[in-house]
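Supplied in structure tokens, the structure appears directly below.
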Amino acid sequence: MNPTKQRVAIVGSTGYGGVELIRFLQHHPHVEITSVISASSSGAPMSDQFPHLDSIIDMELDGVDAVATAAKADIVFTATPSGVSSTLVPQYLEAGLKVIDLSGDFRLKDSSTYEQWYKHDAPEANYLAEAVYGLCEQKGNDVQDQRLISNPGCYPTATLLGLMPGVEAGWIDHSSIIIDAKSGVSGAGRGTSLTSHYAEMNENFKAYKLNKHQHIPEIEQVLSGVVGEPVVVTFSTQLVPMTRGIMSTMYATIKGQHSEQDWIDLYREYYSDRPFVRIRKQGNWPSTKEVAGSNYCDIGFAVDERTGRITIVSVIDNLVKGAAGQAIQNLNRMMGWEETLGLKMVPVYP
Amino acid sequence: MNPTKQRVAIVGSTGYGGVELIRFLQHHPHVEITSVISASSSGAPMSDQFPHLDSIIDMELDGVDAVATAAKADIVFTATPSGVSSTLVPQYLEAGLKVIDLSGDFRLKDSSTYEQWYKHDAPEANYLAEAVYGLCEQKGNDVQDQRLISNPGCYPTATLLGLMPGVEAGWIDHSSIIIDAKSGVSGAGRGTSLTSHYAEMNENFKAYKLNKHQHIPEIEQVLSGVVGEPVVVTFSTQLVPMTRGIMSTMYATIKGQHSEQDWIDLYREYYSDRPFVRIRKQGNWPSTKEVAGSNYCDIGFAVDERTGRITIVSVIDNLVKGAAGQAIQNLNRMMGWEETLGLKMVPVYP
Amino acid sequence: MNPTKQRVAIVGSTGYGGVELIRFLQHHPHVEITSVISASSSGAPMSDQFPHLDSIIDMELDGVDAVATAAKADIVFTATPSGVSSTLVPQYLEAGLKVIDLSGDFRLKDSSTYEQWYKHDAPEANYLAEAVYGLCEQKGNDVQDQRLISNPGCYPTATLLGLMPGVEAGWIDHSSIIIDAKSGVSGAGRGTSLTSHYAEMNENFKAYKLNKHQHIPEIEQVLSGVVGEPVVVTFSTQLVPMTRGIMSTMYATIKGQHSEQDWIDLYREYYSDRPFVRIRKQGNWPSTKEVAGSNYCDIGFAVDERTGRITIVSVIDNLVKGAAGQAIQNLNRMMGWEETLGLKMVPVYP
Amino acid sequence: MNPTKQRVAIVGSTGYGGVELIRFLQHHPHVEITSVISASSSGAPMSDQFPHLDSIIDMELDGVDAVATAAKADIVFTATPSGVSSTLVPQYLEAGLKVIDLSGDFRLKDSSTYEQWYKHDAPEANYLAEAVYGLCEQKGNDVQDQRLISNPGCYPTATLLGLMPGVEAGWIDHSSIIIDAKSGVSGAGRGTSLTSHYAEMNENFKAYKLNKHQHIPEIEQVLSGVVGEPVVVTFSTQLVPMTRGIMSTMYATIKGQHSEQDWIDLYREYYSDRPFVRIRKQGNWPSTKEVAGSNYCDIGFAVDERTGRITIVSVIDNLVKGAAGQAIQNLNRMMGWEETLGLKMVPVYP
């Protein structure tokens, strides 16, 4: 063990979020992974399930045991399903660990909203109150020295990074926001289902959970905070026959007169000191492959003078900026380290 | 030659629209293909370029020569690029052929609108005036005994079938229409380009021509006709890493109070005698694979009471209902035949 | 019910083989589907599970009940897993139905070989003895008026059509045969598994069951019959990230001197009256897309004078010629009908 | 410019090999990219063609000018097509640069063999003689302090790493070697063609250049060197509908008695100190996704006692270990640096 490094445990190491955390943390100079944890596969070598990690992480999977984990780690990432984190996270906190939670369980401040959209019991109120929502590029967001960070959802990350500057500037009629979001299939996780069955999803484009996705209240909570009054949005989710990537295409009525270059300038200013948001030039819109495997969020604009609407295109890799990458970014900010540590991966293109 | 059959020629036989026409016409009881025509590959056996047609259509490609074609065919499908049909179609008409045109050249009634969006010269005005727009399921649409049918575009077909009943019924605020459309890559044709290059497009989701697509005025022309006043829409086009399929996701503000079941009933009534439009049950939205290889258009709905908006999901196979299939449906209607002749293909699933 | 048609039942209607039978039988002039059967989904409308069949086959799924099926059908296709057909098929036979079995249970004549490779009990010996192996293009194969036809496996079909003429002619050293076979993922069926999980299989090429696949003894049984002595082969199976298609690439040492054109001529002669086998010209090898959705098997050759070996490339659609299509071809031959009835589908290209 | 780093130029920066070199060199501690060179796009910002590199490499493309390049670089990677490197490389050498060539032009020692397989003129003989073939894991291979390294081809890398230990040990009958190789489509480069056209290649598996591929003499040259007499092999190439990855499946008759574990032990010993070759456990074969984006070559075995043959499965990422990654590995070895510098990328999974 290297005493100068933070010792990190990963719960849910056999899911895609967990595996992606491992991939990035191999490149992190201040972190040592000391425990990979799986409720279902405890005792098995990690590389049995993931031969791609052979000779990279030669550890056995640990079981879920907060006290045992606290003895060998300082920080835990919980890449567990919603409904599981709600009970696990308090255990880890009480055992003295800092927690960065990748499930959705600690994102909504209001228990009843949580229960309405997630369809199961909310975590205890004091943990909800304590959890800091870690949308890294949000103005004023501060997670340093917190002990419980709630990592944003994949769709909300792409969407909010695309909407916040325009909404904050008052250039968007926030009652008009319509979000058409598309995700690669890895977003559905590693649990098998007919939806994720190769022959069903390959060569297919599929809508699901229209107006019902649990990321809707998360988006609305942030936007409502930005404008200071309740915002409701129309939000559609769709599966694309590819493994990674989210595109959020957003439509809204423009308030005032703003050219495409105005929008570009506004966003470049908002994100001027943020290394992971890139704003495209006029007439250029990002595609998901251009951020694949990286922590970037790329954003482009189209102003339609005929209808007075703005179209905003925002892309991320759902497993990186939408999950593991942003979680490590939150770790860096929690620890007061440079934000990009371990995250300077160039997109894998083509 | 079978004297009881209509003799059909296909211009653009080496493009995807042409090949798809050949696939369906093999099953058509009243049609005989007597000429496959290609400006670039004249003289070559068809199956040299398309080995999948070996032993199915063992003909050589003919060149473009309207008089020669008129000697061996009664009807010609022009599956040629826009800007080519505009000059070819008049030649075929003057040679005495009936024409079903799959390019966009004869869809817009207004020459200046055509030139604004298509960026080249419009066909002569008398041909524009003569051409009948063949959106088969449009109320009142009649192509019987016409000699020039303009086959609708792929995006407009999916979109208009999804919007027309709601717009006609006055249930949609037509100033609020936003269309987020996605297409498989075959829509870009068989000409090579970096956009259609495998390694660039595979595992990628990509926006293009936002607010600039030439199908916008086509959609607006039809909707304006339905409501009797100018309609403008926001329309986005995106490429999906799959070969076939279009999904058009449409958003609009609902006028009045209408439940999802009301929408379903309205559309089932509108399309009650139309064999190729299927309306989904409540809570079920179509995916592109569910119509692949067939002439169906499947439509589903989601009403969002929180925002007062309707989301309409419409899918087609871009090469079938969006091109060759609808062209044959127009042939059937032009000839007064049963509409489904040659078109009863079951979707290829999975 | 149409009294002039054969009444057909399909067991395993919710699997891919069953759905593909339904697709093709819609186009069959002498067949009426009177029962779709599923052990697991009895009572549910077929189109609930497969919306692509809405308005095409509006029936409810029946349960497994041989007597009830015999009351409404003349012929049953059993598209059930191996180990299930072995007990189901005798029930249907005893109830008076004719059976075309798509599982592997009745292909191997030797019970002990079956049990060695399939790892469960073989069917009763008298049924094994009665079953006729239905490789339609095999010389001397005759299924007319039989009551139990065992439909060949997908890999054996592609492989044997590629090897039989050369082996029979004595041009192939049968001790040298190596078969490198590749299949689309639909071959693994509709049951979910990590192997067929989209994110695992997409953008992946994967070997499995090397030297252990249960199709090995099926291939060897046929080849041994052709040469009159035991043949053993090396046979590898691999998954390709696509839904449909098998390519079998076969290597063998050439006996004698035979040019590529000689091979082409030999095979064209062997398959001269067989509508579903197409032999490519010199220098042209088939790809899987060129037969997709159709009942064709396309074959090409490469002679390597440097090594004295022949490479034979054979492609089929695994769900058509490798399953449902050949099963219907067997139905046609069993009934003495024209072999191509219901099967004249043009490959879906692109 | 950082004086402690080697200054590197990349010719062919707008091809996939060039872009992948850039991706990896961003993580190399001892390298600074000082020039990105493209014959066709000189003067354009790199990120105009590759927006994914925006804010990562904000340079303009230089033209081909050996003297100008020598003024700003110490080492040049030539990721140019075969036939181009043959004339470019001498210019760079004469200008004083060290060269690592990724084309095939300097791999074959015999000019006439080159011209037979490559179909154009070979480079001048003295350069062929000087070039050192850089298959990093080959026993005895030494490139340190050389000025011209010829980087191995993608297929030969996967194949030779899979064959060399067995051939050297005399466990393989080298007259029996058959290689069935499959590649993702990026191997065909960034130039557009019908073969790489999305709708043609997607959902397709395709054989090409059977017995004619220019990598055949490269494989034979190395194997002949290992055994000390001429070796000829049967070698097939096939395209898989995925972007990255090569699997080479190799068949050979075993000499002597060797169990699967014997093979595993033999290969583990041969590659015991080589960080980028991983040998799988018994019964486990690698898939291409398990090395995607990384410099690993993973190898597995299947012994068939029935036929006396070994099947060897070897996978790499064609753009990494098959091109850019191995080129950087050669740079490290040329400079006497640690072999893994800049190359410790974890496979991107899923």
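Note that the chains take the letters A, B, C and D in the order they are written out, and that residue 1 is the start of every chain.
We adopt the following convention: a contact is a pair of C-beta atoms (placed from the backbone, for glycine too) under 8 Å apart; a residue touches a chain by one contact, two chains touch by 3 or more.
Bear in mind that the values here come from a model prediction, so they are computed numbers and not experimental data.
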Identified repeat of the A-C interface (over half of residue pairs identical), from B-D, A-B or A-D: B-D
Winner on C-beta contact pairs when C-D is weighed against B-C: C-D
Whole-Å gap separating chain B and chain D, where each centre is the average of the chain's CA atoms: 45
Computed distance of Cα centres, chain C from chain B, in Å: 36
Chain C and chain D: spacing of chain centres that average the CA atoms, whole Å: 39
Multi-chain contact sites of chain C, meaning residues that touch two or more partners: 16, 184, 186, 199-200, 202-203, 241-244, 289, 350
Touching residues (chain side chain A, partner chain C) in the complex: 16, 184-186, 188, 190, 192-194, 196-203, 241-243
Chain B-facing residues of chain C, complex: 16, 19, 22-23, 26-27, 50-56, 186, 203, 243-244, 275, 278, 280, 284, 286, 289-291, 293-294, 298, 344, 346-350
List of chain A residues in touch with chain B within their complex: 178, 180, 182, 184, 199-200, 202-208, 210-211, 232-234, 236, 238, 240-245, 247, 249, 251, 285, 287-289, 292, 300, 302-304, 306-307, 309, 311, 313, 315, 350
